[in-house]
Structure formats: C-alpha cells, structure tokens
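Have a look at the structure below, then the notes.
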Amino acid sequence: MAGFNRSAPPWLDERWRIGWGTGVVLATYAGLIAVHPTSKHGVGGPIALLALVGYTLGALLIVSGAVARLPPTTVALLPVAITVNIVMGKIVYFSGLPLQLDSIGTVLVGVVAGPAAGAATGALASVIVGMTITPGALPYAVTAAMIGFTAGLLARAGMFRRLPTAVLAGGLIGVVAGIISAPITAFVFGNAGGSVGQSALIATFQAFGNGMLKAATLQGLVADPLDKALTVLLAMAILRGLPPGFLHRFPFVRDRHILAPRADLVRAV
Amino acid sequence: MIIRVDSLTFRYPTGTTALDGVSFQVAAGERVAIVGANGAGKSTLARHLVGIERPASGTIEIDGRRTDGLGIAELARTVGFVFQNPDDQLHAASVVKEVGFGPRNLRFPPARRAELVESALRLTGLTQWRDTHPHHLSLGVRKRVALASVLAMDTPVVVLDEPTTGQDHASVVLLGNLVDGLAADGRTVLTVTHDMDFCVEHFDRVIVLAGGRIAWDGPVAHWPAYVADAADGSLELPQMTRLGHRLGWERPVTTVTGFLDRLSPGPGPAPVPSTSP
Amino acid sequence: MNAVRDTAHATGASGIHRLNPLTKLAFAVTVTVCAFAVVDYRWPLLLFGALLLPAAIGAGVSRRFLLLLATFWVPAAVVLFLIQGFFLPGAHDVIARLGPLELKREGVSFALQTALHILVLMSGFFLLLLTTHAGAFMSALSERKVSPSLVYIVSASLQIVPALNRRATRILHAQQARGQVIHGLRGRARALVPLMGPLILGAFTDVGERAAAMETRGFGATRRPTSLTEVPDSGAQRFLRAAMLLCAVAAVTVNVWGVLR
Amino acid sequence: MIEVKGFSFTYPTASRPALADVAFEVAPRELCAVVGGGGAGKSTLAGVVSGTVPHLTGGTAHGVVRVNGRDLAETPLSGLVGEVGLVMQNPFNQISGARFSVREEIAFGLENLGVPREEMAARIDPVLDDLGLTGVRDRSPYELSGGQQQLLAIGSILVMRPTVMVLDEPTSQLDAAGNALVFEALGTLREQGVTVLLIEHRMERLAGAADRVLVLDRGTIVAQGTPGEVLADERLEEWGVAPLRYTVAARHAAARGLWPDRQPLPVTLDAAAEGFGETTDRLARGDRR
C-alpha cells in the first residue's frame, strides 16, 4: 500500500511520520501553555492560529503514517468504526442525554487493531464530521486521534482484559482527551461551540475567576473521564457480541492477548 | 374482517407512487400471500399494516380500529411483523431474552410471558440455542429467532416479509408447518414472498401486485390462470402448475398432491407426500 | 443538518463547481489561516463579504450556504457572546448590567473577533462541500498520490453514514413493531440498547466480508491503480494553489514568530 | 480449473471442522453447483476456492487446493486477483464503498489492476447492459434495491474477466426476471471457457444450468454427480436439500405405477413432462397397471 510518496527519505517513512506528528502536537501544546495566552499576544488571533496549525499538521502526519501501515481488513474496519461514531453521536445527541458517546468506534479500533489504527480512526472521524456535519469538528481531529492512540496503548498494557481495569482505562482516556482538547476549545472557539451543558460548565469555571484555558481544561476533566468510561463499557459489550472468529482477523488483538479468552467462543451453527 | 384496506395510496418522498388505490379485506384465520415483481410495492404494502409507513390517502383498519391514530408500538399488540433481515432487531445477549423482548414490552404477566416464550422457542426449534448470543448463530437460525420473537407476542395477525429467503430446506419445512399451525389456531397470516411453491402449498389466497395496484386477488388454486395470461416473466409459476400446462391440462394444478390426484383420480385418496411438497 | 447529502450530490454547472477540488480546498485553508492571522474584526468580515459570500452567490448555492451558517454558526456565536461577554477573565470595562451579571467591553470585542474567525472557517469549508462532488474530491486526492487506503476510508465513511442512518430507522421500526414505546426521556434512554446493539454489531460483523470482497478485487495489490474518472485541472489553477499556500505559510510563520518573540 | 484434494478446515476457536476431507475437481467450461443445508460449509468452501479462507479468517487447513494449477496455500490473495472472482451472499458487503456511482463501483477492480482508462470504459458498458443496470449507472450503489445491488455485485466481478468464478447464492433477492439475467450471463461465461462454482438454493434453476452437483452435509461431500443423479437421490432431504417437486411427484407416482419403468426420476420440467406425458398417454389408452 502506498504512502504519500514512494521514494520518501527514511525520516519520512510511516513510523517516523507518526513520531513527528506526535512531536508537533506535544510541542504545540507546550508552546500554548508557555506563552500564557491571557497576555497581549491577541487572544483568539495568533494563538488560535498556532493551535489550529500545530494540531492540524500533527494530526495529518499521524494519519498519513498510521494509515499507510494498516492491513486491508483494518482498512475495511475503519469506515465502519467512523460511521458508528457519527451515528451514535447523533443518536445520543437527539436522545437529549447529557453525554457524547461519539468515540465508541475509535476506542474499539484502538483495542482491536492497535494505537496507530485507533489514532487514524479518531482523526479521520473528525475530518468526516467536519466535511459532512460541522466544520467545527475539524480542529478537534487531534483529540480524537489521541483517544484512539491511548486506547490502543492501554489495551497493549493489558487493561482491557478485565472490566474494572477497562473502565479505569476509559477514565484515563478521558483525562487525555480533556487536556488535549482544552486549547482548541479555549483559543479557537473562545470556549463556546460545545453543547449547552459544556458551555454552562465552562462559564461557571470562568465566573469563578479561572483563565480561559484553565476553565476549558477543568470542564474537560470533569466531563470526559465519565463519558469515556461509559464509552469503554459499551465498547466491551459490543466486543462480547461480535461473532467468534471476527477478532481473529486482527493480529493485534489475537497475538497480544488484548482481551480475556472467551469461554463461549464455540462456533455456533 | 380483521384487516380492511381501502383505496390505499402511498408515494415515496421522491414522488414515485408506490401504491395506487389498493383495497382488500382479510378475514380472521385466512392465509394470504402477496406476490409480484421486485419493486411492485409488496413490502411497502406490508409495512403499512404495522404502521411503519403511513398512507398518503385511503384507510387501513385492523381488528376494527383505524390505524391513523395508532403508533407502531400500539399496533404491535395486534400485528406481529417479521422483518426480512433478522439483524435489524437482534440485540439481546441470549436467544431467550431476545424472544422475551416483545412480550415484556406488551406487559404480559411473567407467567404468561414465560409460557409464550417457551412455546415460541419450541415451535421454531430453537430450544437448544436458548442461551446463545443471537449474533453467534448462522443467518438461517437468526431468521428463526426473529420469527420466534414475533410469535411470542401472540398477535392475532402475523405478517412475514420474504420468510424463505436464505433459509435451508429444513427451515422452510418448519416455516410451512408453522404457517399452517397458526391458521389452525385461528390466527391470520400474511406473507410477502418470491417463493411460489411455498405460496401455493401453505396459503389460501394470493394477491398479485403490479406497479402498485392489485392486479389479481383470489383463491390460490385459480391464481396460476391469471399469471399464465399476464406472462411478463416477472412471476414464475409453481413447478406443478407448469408441468400441468405442459401436459396440456386445462384447469391449473398447484401442488404435488393436487397433481397426483388429477393424474389418476383412481380408487382411494392419493397418499399425502411425507414432506412439505 | 445533513451536508453529506449535499456533498454526495453536489452537481452544478458554475465555474466554481468545475474547479479542481484541491483548488477549493487550498482556498478554504488559506482564508481560514488569513482570518486568524490578523487581529482586527474588520479583516475576517472583509474576507467573508468580499470573497466567500460572493463566491457562494456566484456558484448559485447561496441559499444552502446561508442556511448552513444559520444552523451551525449562529448558535455558536450566540453562546460565545453570552460566555465571553459576561465572563471573559480579566475584563473589567462594564458596559451593561443584567441582574448580578456584568457585560464587559473586552468580552464583547473578543467574542466578536472569535465569532468572525469561526464564520470564515465554516464558510470556507461549506463552500468547498456545497460545490464539490465527494467522488471528484476523492479522485483528485488519488491523483495526488494520496494513499488509496486513506481515500477508501473517507469515501466509504461518507457513503456508509447514510446507509447506517437508514438502517437505524429500520431498527427503530422493528423494535417498535415489537411493542417498544419510545416516548419521553426514559423511554428514549431505554430504547438505546435495542437500537445500538443491532446497528453496531451488524456494522462490525460486515467488516470481514467487505475486506475479503475488496481484496479479491485487488485492493491493496501493489500495482499502481488507475482511475476511471478524470479530474479537470489547469496550469492557472496549479499556480493559484501554489500562491495561496505560500500566502498561508507566510501568515503562519509571521504569527508564530510574533507569538514566540 | 479447480482441484481440491483431501481438504479439511477448522475455524479458529471452533470445536469441529467446517470442512472435512473434501475432494472434487471442476474443469474449465464446467458449471459445478454446491448444495446443502444451513451450516453445511457451503460458504466456507466458496471462501476456500477464492482464497479468502484461511488467508483472511485464520484457522487450520490441511490438504491441497489448486486453482488453475496454483497451490493456494502458497499463493497470496493478491496473486489471484483478476483470475478468481468471488460474488458473496450479501451484496451490501460486496460494494466497496470506495466509489460514488454504479459505473465507478464496477471500475473499482479494474482500477486496482491498473487497467488503462479507455479500456475500462470499453469493458464496463457492455456489462452494465447485460445486467440491465445501464439506467442506474450514475446512481449511488447504496441507493439501489437489494436485487439491483446483487446484479451490481455480479457485474463488478464479471468485468474483471476471471477464469474461475465463485458465486455464493447470487440471486437470493432477485425476482424471476433478474434470475433469468444472471443465469444467462453464467451461460455466456461457460461458453467463454470460465470455470464456475455456484452455491444455490433454487434447485430448479440449478438443475437446468449445472453440469455437476456436489452435496455438502456437515462439512463433508456426501454425493456428487450430474443434476439428474444427485437431485433425484432419495437421501436428498436427509442431507438438508429441498427436492424438486417434479422428483417428488414422480417418486409418488412411481410407487403407484404411474411413472414409466426404467425412466430415471426427473429433475427438470422437460424430463417430467416427457415421463408424465407417457403416463397420461398410457392412461388415456386405458392401460392401467
């Protein structure tokens, strides 16, 4: 399968692109913390641009690196996972429940096919939502990528073998999501643009004298771990319902014993 | 009359007319097959009976009540609808829970519920799978789970959408016996089907749809004459009917038993074949 | 709500419709970068009034364009004014009071600035989506040697979303036909599992078969794929794209340097 | 050309083999049908011959499968592209999703093979025409009805001109007219020298079209031969396969002396009409035994 360029120099091959992308994202985050954007540098202008460009570039690098390494079965899995994110997000949104649950597919892919595939699922899901529902999702691509990446890493560490540790993993994923998304919420969207509940929470934190980034981070740390823990629970329920043999198509989950062996896996006729 | 459909007209959102002035009535205990080419409006008509589609004009009355004001869930007490694709409804972690979903929604008392579930499992030959996750079963068995989950709702009317598609011989035989058994209990069965042999062997009456209108409606024994006249290739006559035509018989036959009787109306009744045909 | 319908069917005869999708993508990126690059609320307003809105009118999609903005931008802008107008940290120049709440000048000006940035970002991408057929966009990416896997994932997602939406409706009907009532918050919450189970399990179960079908049709085979559809392009557009991207890169560089200084 | 020798296969985590000691051959220009009950292993066999099982599913396989002389155990799936075509049971999953119109979807396989643009166009349009899809060529594949999707799935394989074609219940959602189109296309293929393996539930179509029939029951081949030999076998129902009404009628008639002696039980309308024609002639002459 082709990458962006066949004759790319070694420092641009797939593994390195994921590394560079992650580096750019972290550097952007560090830069945003360091400059203390409440200063005169023009909140919303240049700072927002820095966040936008850094995160987008990082996400692009991660996606291009991750996708190039995926086997065909995983490639076929990604659109379904992305679609599940979107459709579930929409259903939950219209059900009026105060939840997002728009990362079930991302977490599932992370667990089943590894961190790179998870990252690609998250980032591309944001791109698709950005292209079809609201461009407001585009800047969050990197958060979604990190959700999938973290899910894959925690799966590799064995946290999805038992339900309690899996729920804990969900909480950790939520912490990562909350921290990474805060600069986007704060600087690009001026702490607006989320759901009514999110906005109200942020307004409360700001009213208590927190800076914009801090308010957005706090909001993320309150809401995301809970949401992601529930997401993981649902993902585990789905994994249990998948037909036996399905998981055997994915070397990551098969060879690394990501999930507890199932006693009920006798092929039913 | 348990079902009265009067001048039913329906258009798709695209503006295409799917049903055009369809009227018919079905008596309790009748077995009615709705047949026609792909795109003739069969499934659309069936979906009106459970309230999934709403008529543009015309009325539908089920068990004496107009369906206009009734939701799908309310109609579900009277009409059980078995969808073509079982995967559109299987969600529970075991077959027995799946089959119990409908009776629970209809708030049957627990004892009655258990009784209905067990009897549905028995009728569909699913007892051995009762604790299996439905998605771990083969398509044919999943179709039976979907069927059982509707039977367990104990509705006076049962509508089957393409029940024999993707089913093996054993399942089709089981399905045929089930249709006969339901009718014997006084329940009304409607089916949408491509399978003409199944249709003549287990149903009393045929409604032929063509281009959204009723092209023919009458007893199953007389229907082949219509198809032979209208021959546009979209409907395939039952095997025995075609054989009868080839032998130059004037009155159509439909089933193996009917064929054998006609072949030799000699002494004694013809032995009833051991299997469904 | 459903812009996917538009992008899958965006057919039109205007000059903007006929542009290479990458030219429109470069335009959307460049106006967004430029809007964020200058701290003056008149600047994004100028970009919107002089470039984006006329382009939408010229392409004959102004109605859909404004409708999408009304659906997505207006609510975000309102929330922005409410939060930052009253609660911007460090603002103290009060211009109005509403009970215990104080509306502050810095907050309003910040909200105005940010809302206009988002306006340009959304407009640029709406313009791209409303005037570009998704198939042409994907073919254009393939021609630029973007990984076939990446193009596949995006294309398939765009098409499976509506298919899965239809399936969700079918499942809801099927469960209601089994007597499930979905009124009220509790009813809807309880309806989620019987809806999600079949929807998600079904979608994932399909993956194995779809992957096999794709592989037997040569997907992922090493030879260089060809393309049935030809995407129009021209020297002028190539030049325009280079110029726009140069402009965007310059704006970013100046800004990053300014921030870090 | 398909050769299978002593082949067994067990899915991962399964307790018993899906196929056990299967052996058969299908020559070029031959249409071989596979019948059997649910869970007999028919779809698995289709996967084996097209190379997706066990390459994609995992599991343990023993024995030899050769397609056009090549051992599939040593041939990667990509090595069979264009040579072996697989039409799956569910057309929704066969649609790649990578393309936005019916015409482009049919082109998908050709694009992956690197066929030049002009040649693609020349190959696609006749296929659309043969399958009656010309009217929907610019529609999205996902907007088609189930039957049309089934035709599209077949077309997307036909266009690649494979020399071995495997079809898994390709007409389940088609009405009589659609069925006729598909079987016509299969007939043309056979004339062109293509080897066809067809899984089918509709016995009548099959009895008229197949050169040979294999019966699978719980993973083993329990019978193979001409349609006339296999489909008239008394044990057919035990194997989970529906007997044709013609055969059932003739069997009952034979028990009452109403089927000509020495005439094999019929599996086609023609054979049944011939045999019962003799009977009715005889009865008309008043010759009653």
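To keep things simple, chains are lettered A, B, C and D as they appear, and every chain counts its residues starting from 1.
In this section, a residue touches a chain if its C-beta (ideal position, glycine included) is under 8 Å from a C-beta of that chain, and two chains touch if they have at least 3 such contacts.
Just so it is clear, the model here is predicted, and its values are computed rather than measured.
The minimal number of chain-to-chain contact steps leading from chain A to chain D is 1.
Contact count check for B-C and A-B (C-beta pairs in contact): higher for B-C. With centres taken as mean Cα positions, chain D sits 45 Å from chain C.
Once the centre of each chain is set as its mean CA position, chain A and chain B turn out to be 47 Å apart.
Spacing of chain A relative to chain C, judged by their CA centroids, is 18 angstrom.
Under the contact definition stated at the top, the residues of chain B that touch 2 or more other chains are 135, 138, 141.
Counting partners per residue, chain C has 152, 156, 160, 195-197, 201, 205-206, 208, 210-211, 214-215, 219-220, 224 as the residues that reach two or more other chains. Across the assembly, chain A contributes 73, 79, 241-245, 249, 267, 269 as residues in contact with two or more other chains. Interchain contacts join each chain to each other chain, per the touch definition above. Listing the residues of chain B that touch chain A in their complex gives 93, 129, 132-133, 135-138, 141.
Residues 73, 79, 244-245, 248-249, 254, 265-267, 269 of chain A touch chain D in their complex.
Of all residues in chain C, those touching chain A in their complex are 1-4, 7, 32-33, 36-39, 72, 76-77, 79-80, 82-84, 86-90, 110-111, 113-115, 117-118, 121-122, 124-126, 129, 145-150, 152-154, 156-158, 160-161, 164-165, 168, 185, 188-189, 192, 195-197, 199-201, 203-208, 210-211, 214-215, 219-220, 224, 251-252, 255-256, 258-260. Of all residues in chain B, those touching chain C in their complex are 47, 50, 52, 71-73, 75-77, 79-81, 83, 85, 87-92, 101-102, 105-106, 135, 149-150, 153.
Of all the residues in chain C, the ones that touch chain B in their complex are 167, 170-171, 173-182, 193-198, 201-202, 205.
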